[in-house]
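Some structures to go through are shown next.
Next come two complexes built around chain A: one with chain B, the other with chain C.
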Partner chain A sequence: MMRYFLRRLAHAFLLIIGVSILAFLFTTLAPGNYFDEMRLNPQIAPETVAALRAQYQLDRPLVVRYASWVNSLVHGQMGFSFAYNSPVAPLLLVRVRNTLLLTVTATALAWGIALPLGVWSADRLGRLPDRMITWGTAALLVIPDLALALGLLVLAVRTGWFPTGGMASVDFENFSLLRKWRDLALHMVLPILALVLSALPLLVRHVRAAVAEVLGAPFLLAAQGHGISRRTLLYRYALPAAANPLISLFGFSIGALLSGSLLIEVVMSWPGLGPFLLEAILARDLYVVIGGVLFSTIFLVAGNFLADALLYWADPRIRTESGSR
Partner chain B sequence: MRVTRNVARWLAVLGVLHGIVACAGFFAPYDPAEQDRKSPYLPPMRVHVVDGQGHFHARPFVYALRLREGAFDQYEEDAAQSYPLRFFVSGMRYRLLGVLPSRLHLFGAEGSRIYLLGTDAYGRDQLSRLVFGGQVSLLAGLLGAGITLSLGLCVGAVAGYYGGWRDDVLMRLAELFLALPWLYLLFAVRAFLPLAVGPLAAFFLIVAVIGTVGWARPARLVRAVVLSAKERDFVRAARGFGATNVYLLWRHILPETGSVLLTQAAILVPQYVLAEMTLSFLGLGVPEPVPSWGNLLSSLQQYSVLVSYWWMYLPALAMVPFFLGYLGLASSLQERGPAYKIGRRGLGSLT
Partner chain C sequence: MQPLIKVETLVKRYAGRNLAGRRQEVIALDGVSFEVFAGTTVAVVGESGSGKSTLALCLACLEEPTSGSIWFEGIDILQGAERARREIRPQMQLIFQDPAYSLNPRWRAIEILTEPLILQGRISREEMKERAYSLLGRVGLSREIAERLPGELSGGQRQRLAIARALALEPKVLVLDEALSALDCSVQAQIANFLMELQRALGMTYVFITHDLGMAAHLADEIVVMNAGRIVEQGRVEEVLREPRKEITRRLVTAVPRMTHAPVAPIGQ
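Right after this comes the complex of A and B.
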């Protein structure tokens, strides 16, 4: 068991290293850097710009820069942000926390809704509930998530039901603890809704397909013959049997939600990784971009790792297979 | 039979939709860059057939819009002036499909300008911008998908056919690309390319970025098909007769990948249109004044626009039929038997 996880862990680690090297390679190909605009400014001497470039090691070869970046990563800094004049890691961590708040909640909610809906749909295959769910998911699938997010925003503005951006009200600091929670929850409604609605159709469809495939199996007929209630049959017997592809999907869905939240955070001005990354791209704040990409990879790898662990826990075949090896 | 007919039906729907966008000059009443500075943020005009007195008119007409008294951005209909709608009118010059010079437009109003979807901050017709913007966005999607599929085909064919270390290297690289959340990857690659470039350069830049970023998934699918195809009896027979690798690949193996590529195309095109929209929406894609579906919506990032000018959102809804067409095509392609399935792990539109 330890070996199985160690191998996965080593694999994940190599992947993250690969991504960081890839990101650095791209930076050398990139024309222009943060200090280019200063060069146009007649009030700044060329020597100053050169000195700044030297200070941040932008004039050094790629290998040296990568080595010093790894060094600063070990020291918990992840390079230096030119725009904020501060190490990248603390800047990123705040945004990462906000992004995680969104994506974790959205993942939990999306799966919490998708599982019963998908199972219900598979149970009533071809009948009214199934057809309604199929049409509903199709309708959600054809609305691009950009249009969905903007539509929700327009709706919120016109009805005034929910705050339309940011993470907290203006006088958040003065609220009591209970009101702070309430305020945060209210601000989370729109982005979460947009995320869940854009992730939901695919999840429901896959749950439905997986469960429907299992429902025809002889062991379920036998179980039905024993007079086991429908609900127990569906959730205790059919769902675990159909779980394998769904667990892999779970790993993927985290990546999808991350990508989705990038856009939705910008649209809804949620102070997460998305707007921060966009700002850094526009300012050519190189280490922030690398840091953001790296964090997103870590999330995704962690999601896949979690999926692997779940798979290991849920499927005895994998357990014995990896044990014997 | 029913399934093939389904595919044909969706193809027809898509053909019509793309035809409208391709002939944008004819369907759009005005030039997308033409400004009408006196009427910024005009709400959509309503087409009437019954006038204020309750009389019915066979020819639809629109009322002129005038500023509401005391307001500076609120318009109301001026029932005193009505302008009948005319079809096949002559208007601004354009080139149909980029070649045929013409002045014919599908519709226009007699004696006034007509804005069925309202106008933007510079008084430009939103409908015209929507139709012309489709050219940019759809072309970006189609070209991007073309690049991705050719890249995926090459990589997948090499990895699957030659195997060995090539396979190992390429598939590890593919895993690397699949490991990154898709939009982040797109962002990162875009981040390291020049930002301030002209519309044409920006267009090809983002097409290249969108096209190259997604090669890994089709490559894996193609590889799987090639792996099974190269062990088929007729391929072995051909090899026995002395066929070269290139001949075998070209003549016998690559044709097997056609259906997989077709299904992938139906999934990728809308995804890439959306990618172009996202980039342009965020200001990383095709810049103004060239319209694209993304930068049409980007004014909604301003809170004031969101609050006061809801019709700026309408273009978002106009895209839904296109996505519907591609979704329908993809799902009816996937219905065509097991060979056309992309497998549960090939979640094309997910990451």
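Right after this comes the complex of A and C.
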């Protein structure tokens, strides 16, 4: 069992190295770099631009640059941002924190709603409440995220109930602690609502399908024959039996924690990874881009790893299979 | 003597749709009446689609009949609320055709056996384990089985485990819905004989649902022959088999291999 996980860990590590190399390669292949625009500026001497390029090692071969990037990664810097004139890691970490604040809350909420709703729907399969949920989720599913976010923004502007962007009010620094929390929560409402609404239909449908599939199983009928309540049947018997595909989906949700909200963040101007990466890509601030890609990859790999571990824990059949090997 | 179970004009209709999408009712049970006395075995025999399994589900309170009544120990179990039915369900346990599906594939044998006990409450963990082990012994399984998953057991072991689980609740009736059909021949005979021993030891009552008239003759005291949701013939085993009055029964009798004289000699003797 330990060997299984160690092998998976080594696998994940190799994958992350591979992605970093590819990210490096592609950002280099893309035409232009951060200092190109300076060359168009007549006030900056060509020698200065050349000197800057040399200072940031942009004139050195790819392999050398990769090596020095790995070196700075080991020292916790992840390269240097041209635009911010500062190491990448601290810049990224602040944005990652802001993004996670949003996505962790939204993911927890979406799952917290989807599980009971999906189970409830599966229990009433084909009846009116189930049909309403099916139609409702289908409607939500066909609305593009962007339209959803814009719709919410319009709503916020019309009613004035929620701030329409950003993460804090202007005089945030002067607020009392309680007021700071309240302010943050208010700013989070819209982006979280957009994220939950866009994730929810898929989750509800998966939960519904998975539970409905096991509900007809004879072992559930047998359990019902023991004289248990419907609630116990659904949550203690049916849900665990339906859990495997849902756990895989949950791993995917974890993997999307960093990358899932980029669009919503840009639209709602949440100071997370989304606007930051967009800016960096447009400016060709390449180490920032590489850092963002690397972080997203790490989350994706970690999400998959977590799903595997959860499956291993939740399903004794998987344990015996890998134990016998 | 009052019958343990009395079924009166039981009707079950399912709403369905035909290929053209038009509403069409499927009549699974069409006025079924019979009685089961304590300590006896009644075999319900019929071809597939004759409503046998629907009858099994209705008896075990897992399916609500459209009309009619089921009396258990003089109480009409269809009259009460769902809560009351939940209390009656443990007394009539259903054994399913394929134990590969009727046991939770994620639980070890010991968990499968203790689960119904947990639902009963008021028993300590230690006592539960003791009871589970004694159940294993009762159905002729060794204690080593306790830590296995259903997927790691043979078909016969699984069906014994399913029976042990049903016995955990100390039911008065076992409804065996094609409980032997998924097992191979020698295992069938073993389980059949084991069921008879169990009946002698505990005074169990069986409703044995099958398409196999030979096995029904081996196990049952009375036979109910069903066709298209109706009972076409019923009576003592010997009478029904010696002089089948209906064409459908005759067909079932002739479908049993090597059954020239009825009743057949008990298997394995």
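Simple rule for what comes next: the second predicted complex is superposed on the first by the 318 of 325 C-alpha atoms of A that agree within 3 Å, B and C clash if a C-alpha of one lies under 4 Å from a C-alpha of the other, contacts with A are read in each partner's own complex, and residues count from 1 in each chain.
Just so we're on the same page, a contact is a pair of C-beta atoms (placed from the backbone, for glycine too) under 8 Å apart; a residue touches a chain by one contact, two chains touch by 3 or more.
No experiment lies behind these values; they were computed from the predicted model shown.
Enquirer: Have a look at where A:Ala168 lands relative to chain B and chain C in the superposition and call it first, second, both or neither.
Expert: In the superposition, A:Ala168 touches no partner, neither chain B nor chain C.
Enquirer: Which holds for A:Ser229: it touches chain B only (first), chain C only (second), both, or neither?
Expert: It touches chain C, and chain B stays clear.
Enquirer: Quick check on the superposed pair: does A:Pro144 touch chain B, chain C, both, or neither? Answer first, second, both or neither.
Expert: The answer is first: A:Pro144 touches chain B but not chain C.
Enquirer: Applying the touch criterion given at the start, work out whether A:Leu93 contacts chain B, chain C, both or neither, answering first, second, both or neither.
Expert: neither
Enquirer: So, does A:Val301 touch the first partner chain B, the second partner chain C, both, or neither?
Expert: first
Enquirer: Applying the document's definition of touching, compare chain B and chain C: which contacts more of chain A?
Expert: The partner that reaches more residues of chain A in the superposed model: B.
Enquirer: So in the complex, the part of chain C that touches chain A is made up of which residues?
Expert: 57, 60-62, 86-90, 92-94, 96-98, 101-108, 115-116, 119, 149, 151-152, 162, 165-166, 169
Enquirer: Quick one: which bits of chain B touch chain A in the complex? Just the residue numbers, please.
Expert: 175-176, 179-185, 187-195, 270, 274, 277-278, 281-284, 294, 297, 300-301, 303, 306-307, 310, 313, 316-317, 319-320, 323-324, 327, 344-345, 347, 349-351
Enquirer: Could you list, by residue number, the parts of chain A that touch chain B in their complex?
Expert: Result: residues 15, 18-19, 22-23, 26-27, 29-32, 138, 141-147, 150-151, 153-154, 157-158, 164-165, 202, 206, 209-210, 245, 248-249, 252-253, 255-256, 258-260, 262-263, 266-267, 277-278, 280-282, 284, 289, 292-293, 296-297, 299-301, 304 of chain A touch chain B.
Enquirer: Show me the residue ranges of chain A that touch chain C in the complex, using the header's touch definition.
Expert: Listed in rising order, the residues are 217-219, 221-229, 232, 237, 240-241, 315-317, 320.
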